[in-house]
Amino acid sequence: MDFNSILTLLRPELSLLAIIIILLIYDLFAGVAAKKYFQPLAWVLMAAHTAWSFCLTPEGTLFGGMFATTQAASLVKAILSLATLIVFLQAGGALSKAESSFKTGEFYVLTLSTLFGMNIMISSGHFLMFYLGLETASIPLACLVAFDKYKQNSAEAAAKYILNAALSSGILVYGLSFIYGTCGTLYFANVPSMLDMTVLQVAGLVMFLAGMGFKISLVPFHMWTPDVYQGAPTSVTAYLSVVSKGAAAFALMTVLFKVFAPMAMVWQDLMYGIIILTITLANLFAIRQKDIKRFFAYSSISQAGYVVLGIMAGTAEGMTAMIYYILVYILSNLAAFGVISTVENHTGRVNIDQYNGLYSTNPRMAFVMMLALFSLGGIPPFAGFFSKFFIFTSAAASGYYVLVFIALVNTIISLYYYLLVVKAMFINKTDAPAPHFRSEKALVFSLAICVAGIILAGIASCLYGGIGEFTFGM
Amino acid sequence: MEYSIFVLLLPMMMFLFIGLLQGKLKGQSAGIIGTISMSLTTIIAYAVAFDYFFSPESKIDGIYQKIVEYNWVWLQLTENLHIDLGVLLDPISCMMLVVITTVSLMVHIYSLGYMHGERGFARYYAFLSLFSFSMLGLVVATNIFQMYIFWELVGVSSYLLIGFYYTKPAAIAASKKAFIVTRFADLGFLIGILVLSFYAQSFSFTDLTAPGGVALSSAAGVSFLGASAAAWGLSLIFVGGAGKSAMFPLHIWLPDAMEGPTPVSALIHAATMVVAGVYLVARMFPLYIDAAPEVLPGIAYVGAFTSLFAAVIACFQSDIKRVLAFSTISQIGFMIVALGVSGMGGHDGLGYMAGMWHLFTHAMFKALLFLGAGAVIHAVHSNEMAEMGGLRKYMPITHITFLIACLAIAGIPPFSGFFSKDEILSACWEFSPVMFALMAGIAGLTAFYMFRLYYRIFWSTPTDVSHHTPHEAPAVMYLPLIFLALVTLVAGFIPFGDFVTSDGAVYHIHINWTVATISIVVAVVAIAIATVKYMKEKSKAPQNPLNNVGAFYRAAYRRFYIDEVYMFVTHKIIFAYISRPIKWFDRQVVDGFMNFLAWGANALAARIKGFQSGQVQQYAYVFVLGVIILIVIALAL
Amino acid sequence: MIELKAIHVVFAVLALIIVVFSIMTVTTRRILRAATYLLFVLFAVAALFFQLDYQFLGAVQLTIYAGGIIVLYVFSILLTHGVGDKQDLPEKKKVIPALVASLGGLALAGYMLYQETFPAVPYDAADPDMKVVGKALMGLGEGGYIFPFEVISVFLLACIIGGILIARKR
Amino acid sequence: MNFLSLFVLLPLLTLAGLWLSKNLKQVHAVAVTGASALLVLTVYLTVDFLLQRAAGNTAEMLYTASVMWFEPLNIHYAVGVDGISVSMLLLTSIILFTGVFASWTIVDQAKEYYMWFLLLTLGVYGFFISIDLFTMFMFYEVALIPMYLLIGLWGSGGKEYAAMKLTLMLMGGSAFLMIGIIGIYLNSAPEGGELTMNLLEISKVLIPVDVQRWLFPLVFIGFGVLGAMFPFHTWSPDGHASAPTAVSMLHAGVLMKLGGYGCFRVAIYLMPEAANELAWIFLTLTGISVVYGAFGAILQKDLKYINAYSSVSHCGLVLFAILMLNQTAMTGAIMQMLSHGLMTALFFALIGMIYGRTHTRNIDEMSGLMKVMPFLAVCYVIAGLASLGLPGLSGFVAEMTVFVGSWEHTDMFHRVFTVVACCSIVITAVYILRVVGKILYGEVENKHHLELSDAVWHERIPVVILIIVIAAIGMYPLLVSDMISDSLVSVIGQLAR
Amino acid sequence: MDIPMQCYLLVAAVMFFCGIYGFITRRNVLAMLISLELILNAVNVNFVVFNRFLYPEALEGYFFTLFSIGVAAGETAVAIAIIINIYRNIKNIKVENLDNMKF
């Protein structure tokens, strides 16, 4: 191990750190006049970082196995930073308001710190690293959730989030202690050979699953999700629902594949039940939601169920499908959240009922929202269809036909509630539709990225093929 | 005889021409064009018939052959089965060509006067052309499926023409009824075709009626519910025929069909379409004889019963067209009986020849009757006997021609009806005396009700005179009457057996004088009774010839409540016990199940909503419990 | 009959303290007392570390937990409560399920610990040399913890920023 | 660039054109241009196809092309047509063309309307040209979803409920379908080798029979939902009743055919063993559909409901015939698809036009329309006659072919169901004539109706075209029946393997 | 050292589940946080005990505990900040009042 390899393999993390430091310093020392360039600077830096991240790092380990990265992992990192960039672009509107403009710096720094944490989590090679990454990814997020601190919902959401996060990480590390106790090591590379399915290992695995289940919000570890999503500022919700979730899902998959592979029997059975519960319950809850963010919370819970379906497959195809699914999910969900945040910013409307007649006044926004919803619902030719199809195929290929069937039945329920929103925007008549507004350029740009992604990510097969190439390397 | 195709093409072109241009054709032009084209068709048809009957090519060893003039594959169904369209000439089809074109031409001419000034005049002629086309197509069909095709087409033309006065509720109902009842019968026909063609692997009449019943040899030994496949097939085919030919119990549509314009009744519901069933049985006759001889007596009994039944009802009707309608049913019954009692070849085939002959003569005189009745209705503006009487003074030509027709149908020599009916009775005589007695009795009834009709129209005084003085019909209307009367006068002397027989060989008709005497006596007596009862004045109970059997009278007047039975079955049973439950089932059960799923999901969602209580400790509890349970499960697994 | 050694007594006392004060921490109605009992537990845990010859760890435990965290708690308690505030007893409908869950969990944990066979390793009471610890903490290779060390610094930085973000008035 | 891809490209171009158009006039112009271009393309395809066949090109599918799409899963964008697809494409083009005119009166958000409409047809075209299961399924779903907005936005009556129900039920069907397709895909190489989605390639392998046994029902039900198979048909009455005219036309006329086509092309073609084994179950269901739909139509009061139930019955016959698994019945099935597509489109067009004038579809509230709108009334009668199977119109040809084909089976089960299906022609007559009698005949009872006008040019065009095609097929069935029948040889071969 | 390792672990488990119990039942958010500290401590004890008894040669448990203490500190700090923020918003920190968002 030399300095060079640190620079190569750790490049995404280092560049993130660099951005964090630059922004922190800029925020601290910039004058009032220079403050207004803060956001553009952040976007540019982030864009550069994202672009650079897509030049994937090679596979390798650092620090004696503490840090282990693969092409797939670095691809996921790139995807996540893309998502973060989109979130940033969408957050601009809300952040430039008077009541929060002075906190802009903190927002960016904290978000990037959590992204850093996620990167660490994704390419950790040791449970300590994993734990640290996990905590870095979640604790600052609690601060972000409390970003609108004088809004009661925001404060309450933050409390719920931090309490749940702490509990779940407590349980997770308790589980890790069992793993450590029975294996004698926490290095990913060494654990598998020590696993022989003793009771404590099983318990440790379950506790680990629970901790990750919290992050991905799988039933029954999902209870915080709707409240937090509803209370948090919209950009943070978007970030929580896509980046945090995507990272956790991928990290979970990595660990399950890399470390708990000998116990696949156990976790596959558990995941089976968890997936069914997750998808079904989330869908049922989603049906009756009024608040659009809360609605999307449940929607994202059920989407998480589909994501982990890819883990079930336990194959390279499943992994490809899952990464692809995460990508598509990120794009679709961010498109939806972009619309939600701009609507909320300009009109203050957050209820689904208040979206009635949106199409008549803001056709573009309604249209983007519809695309996003269709994509989430798995309607072709939008990307969501492809990602669902692939993930189902990979799960079915491993023999989980019944599971796939249940998931499919659930897509119908999900389609129902997605259509409810579409209906509200397009069909429902109202006397007071949201007034027409012009969104910020950055947000429009971010939506354009998302829409392009939604439409092209499916049809342009090179994306899927590319992901496949990198994951097959694993 | 290649030009025979024009018999079909001409009316079809005319249908399209008049039909598409009906808005553009002013005044009488549609009628005149239609009539001219029909005349041409008639000439061609005559030429074809003449050519066929008198050219040596159509006979081999003195036996008329089936000549397939044209045959195009229209639709290939299976390897062997294909529906063809073509022209088949043989004695009966040639005879039918003559009958149809003659009557049709007469009706075309007649309608120029009768329908003058009607709204939809052009439409009327378009439909007439359609009908002529379909009917001609039916008779020249080379295969049973072609026949079925045109069979349906005549059904539709009939539907359209009955419903010609589409603003009249009765006409709408009648047209609907006619179509649906015959359609129901056609179902039998269709299944019959399926059965037969499955075994015969051919639709072609040439194959099906090949001597010796070879067509159905593969069906030997196949039986269903105790009857052979051939018997099933042929019976079902007869059901189709019975529907078109208004055999009991499928006769109910025909009386109602009188709601159409009277010339239409003459053409379709007296002369041509309704005998399609007879024609069908005649067409399939060799197969009946060879493959399922046990079906024929059944057919005869159905015919006989229908004949009797209709004759009885006819005695009690007050609407002159209804009387004629029931009379038609009754006469078709005769034809069916004739076919039913017939055998094959030579003297055995007498019934066949007689049936066909009766078909021919009946077409002429029944058309005449209807057209005469039309003239009367045209004059009186009513169908009810009560409003008629003494018309002989005002409408002499109509009167004379009507009388000739009545005499013919009553079976008085030398009118054509006598000869054909006599041959039928002879055939019955040879079948069984009981059948003979029955048919002779019906012949008497026929004479009775016809003369009742005749006297009530032309002799007795009306009870209810509220109309202007009737006058004779215009020439375009009475010329056809005269022509048909002439035909009726001479048709009996055609040596019919030289042309149409069961086996195609010449059969020399001779009159069985025992039978003839009996039938003449019966007819004369019946006419006498009618004369006594109806000639002079309206009786006090004008519509009740049998005072002392009131219930029977009422029943007969209401046509023995058969319609009511149908109404009951369709509305009370099919609608109420099938359609309504299905409607209910569809809404409540099938749809209800889907809605229940939706409702269930929604309700469940509402139920479990409280689970998300907003209490963070509850979340933690669920979390912990989830972990514990999962551990237990994982350990248990 | 195991010979009663001082070490046994020490352990018994510590265990007793931990268990009793743990229970008291979560049951007392005065929150300040809860913090205090927690402090006792933390002390006992630190003592346990000392007993296991992990002096450095015990010291860290004492300084960070007892010295840092508890102080934080006390401050915030005083910030948000009157001194004598007594809390309501938890609701029954919460207590019973919670008891079931935690006792059940405990039973399960006990069962699992009993079930598990651990490798028999001779007890080695050596306190790791601080040099070793320091080297490992700065180590780059396997067994080196420089990377987590860096990461936790980022984590703490983020926590500080986040804490400030939320705690400051603006 | 494959010739067939034009069928996807042209609607896309039209979509783009619509998107760019500024006013109603331009929208109409673009829509008509697109539809006409597609119609011309289809006619050209048909002619060329027939010529190629006549020239002795006996390949199972013509114009085949395959582009690798998703390499890891060996999914291709693969197209190709045989006689059946060609006839379906023809049907689609005709109905699209007529549908554009039938929507002429829609001015409220016309641009969006036509865009969704085109997207719907895009899906349909794509479905018919695909020979790759994935592509096929994708286009299938593309065709489904625009229905929701088309009904929800431009529909009438309980449109929101109907739109939701239709979408969810059809999507429910496609859930079955998706798992079925995945199942087929995963079993497409039972003896090792690369998995494939290509229909032609899968048809060559024997999917293990015990796998077929559960895949077949899934796929069949999946497509059967769209084919309105009992008891999955209830979306049809509500959906059709609420949809705008042209959407009903396209949906009943073409989209429901996707069901039949899919059952045939995927379920039976790829899983012949299971088809032989399990056909009886679905035969029972579809047999029920046939009479059930017909009886259901009798007592309905809403014109569209009547026609929707009638569609259930007729489409039931399609599936029924397909399940007879012989060449004749299948030919009949495809012809019935064509025929039903055309006549139901005609029906819906006419109903839409009548509704546009009278503002009611309740047959009790109309009468004597023959007098006030003779053109529409006559066309309605013709449509009715086609529906009840009048010779000379397409319905007859199809039904007779089906019945003759069905009768080829000699066992009692098939015979009984054939007779039951035959009965439907009588029931059809009952409800058709009932409607005709009620609304067209008689005196005009509603005085307002006396002031109504007859059809105008943009209404006459679709109606006349549809009638001409119906009559053309009815009079000269060999036009299509040979084309269809030839293409069935491979399926029959499959069934006998 | 003849005290069985399980004894230590059991003590830790008791601590852990006390924490769980407190977390679920306490009515005060700060008290819940205090309970959480018990949980984290139990984990620390586990790691240390495992390290000492079973794998004394490598110091993984040792370091895990070390970092875990650090993390716990950060976590607590943030949590307390958030709780104080709650207090600023609703003037108490009763957990049952944190149900603005539900269902």
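Order of writing sets the chain letters: A, B, C, D and E. Residues in each chain are counted from 1.
Please note the rule applied: a contact is a pair of C-beta atoms (placed from the backbone, for glycine too) under 8 Å apart; a residue touches a chain by one contact, two chains touch by 3 or more.
Fair warning: this is a prediction, and the values are worked out from it, not measured in the lab.
Student: Please identify each chain that touches chain B as well as chain D.
Tutor: For chain B paired with chain D, the chains in contact with each are A, in label order.
Student: Compare the CA centroid of chain C with every other chain's and tell me the farthest one.
Tutor: Result for max centroid distance from chain C is chain B.
Student: Which chain, with its centre taken as the mean C-alpha position, is closest to the global C-alpha centre?
Tutor: D
Student: State the pair of chains with the top count of C-beta pairs in contact.
Tutor: So the chains sharing the most C-beta contacts are C-E.
Student: Let me spell it out: compute each chain's centre from its C-alpha atoms, then which one is farthest from chain E's centre?
Tutor: For chain E, the chain whose C-alpha mean is farthest off is B.
Student: From the mean C-alpha coordinate of chain C to that of chain D, what's the distance rounded to whole Å?
Tutor: Taking the average C-alpha coordinate of chain C and of chain D, the gap between them is 70 Å.
Student: Distance between chain D and chain E based on Cα centroids, please, to the nearest Å.
Tutor: 64
Student: Measure off the straight-line distance from the CA centroid of chain A to the CA centroid of chain E, and report it in whole Å.
Tutor: The answer is 27 Å.
Student: Which integer distance in Å separates the CA centroid of chain B from that of chain C?
Tutor: 102
Student: For chain C, write out the residues touching at least two other chains, lowest number first.
Tutor: 94, 97-98, 101-102, 105, 108-109, 113, 118-119, 143, 145, 148, 152, 155, 159, 162-163, 166
Student: Return the residues of chain E touching two or more other chains; collapse runs of consecutive numbers into ranges.
Tutor: Each of 9, 16, 19-20, 23-26, 32-33, 54-55, 58, 63, 67, 71, 74-75, 78, 81-83, 85, 98, 100-103 in chain E touches at least two other chains.
Student: Enumerate the residues of chain D that touch no fewer than two other chains.
Tutor: Touching at least two other chains: 168.
Student: Each pair of chains that touch: what are they?
Tutor: A-B, A-C, A-D, A-E, B-C, B-D, B-E, C-E
Student: If we count contacts the way the header does, which residues on chain B are in touch with chain A in the complex?
Tutor: Per the touch definition, chain B meets chain A at residues 598, 601-602, 604-606, 608-609, 612, 614, 616, 618-620, 622-627, 630-631, 633-635, 637.
Student: Across the complex, what residues on chain B touch chain C?
Tutor: Contact set of chain B toward chain C: 617, 621, 624-625, 628, 631-632.
Student: Touching residues of chain C toward chain A in the complex: what are they?
Tutor: It comes out as residues 108-109, 111-113, 115-119, 139-148, 151-152, 154-155, 157-159, 161-166, 170.
Student: Taking the touch rule as given, give the residues of chain A at its contact with chain B in the complex, in rising order.
Tutor: For this pair, the touching residues of chain A are 159-160, 163-164, 167-168, 171, 199, 202-203, 205-207, 209-210, 214, 220-221, 223-224, 226-227, 265-266, 269-270, 273-274, 281, 284-285, 287-288, 413, 416.
Student: Which residues of chain A touch chain E once you look at their complex with the stated criterion?
Tutor: Interface residues on the chain A side: 127-128, 131-132, 135, 139-140, 142-143, 146, 149-153, 155-160, 162-163, 166-167, 169-171, 173-174, 176-178, 180-181, 184-186, 226-227, 230-231, 288, 294.
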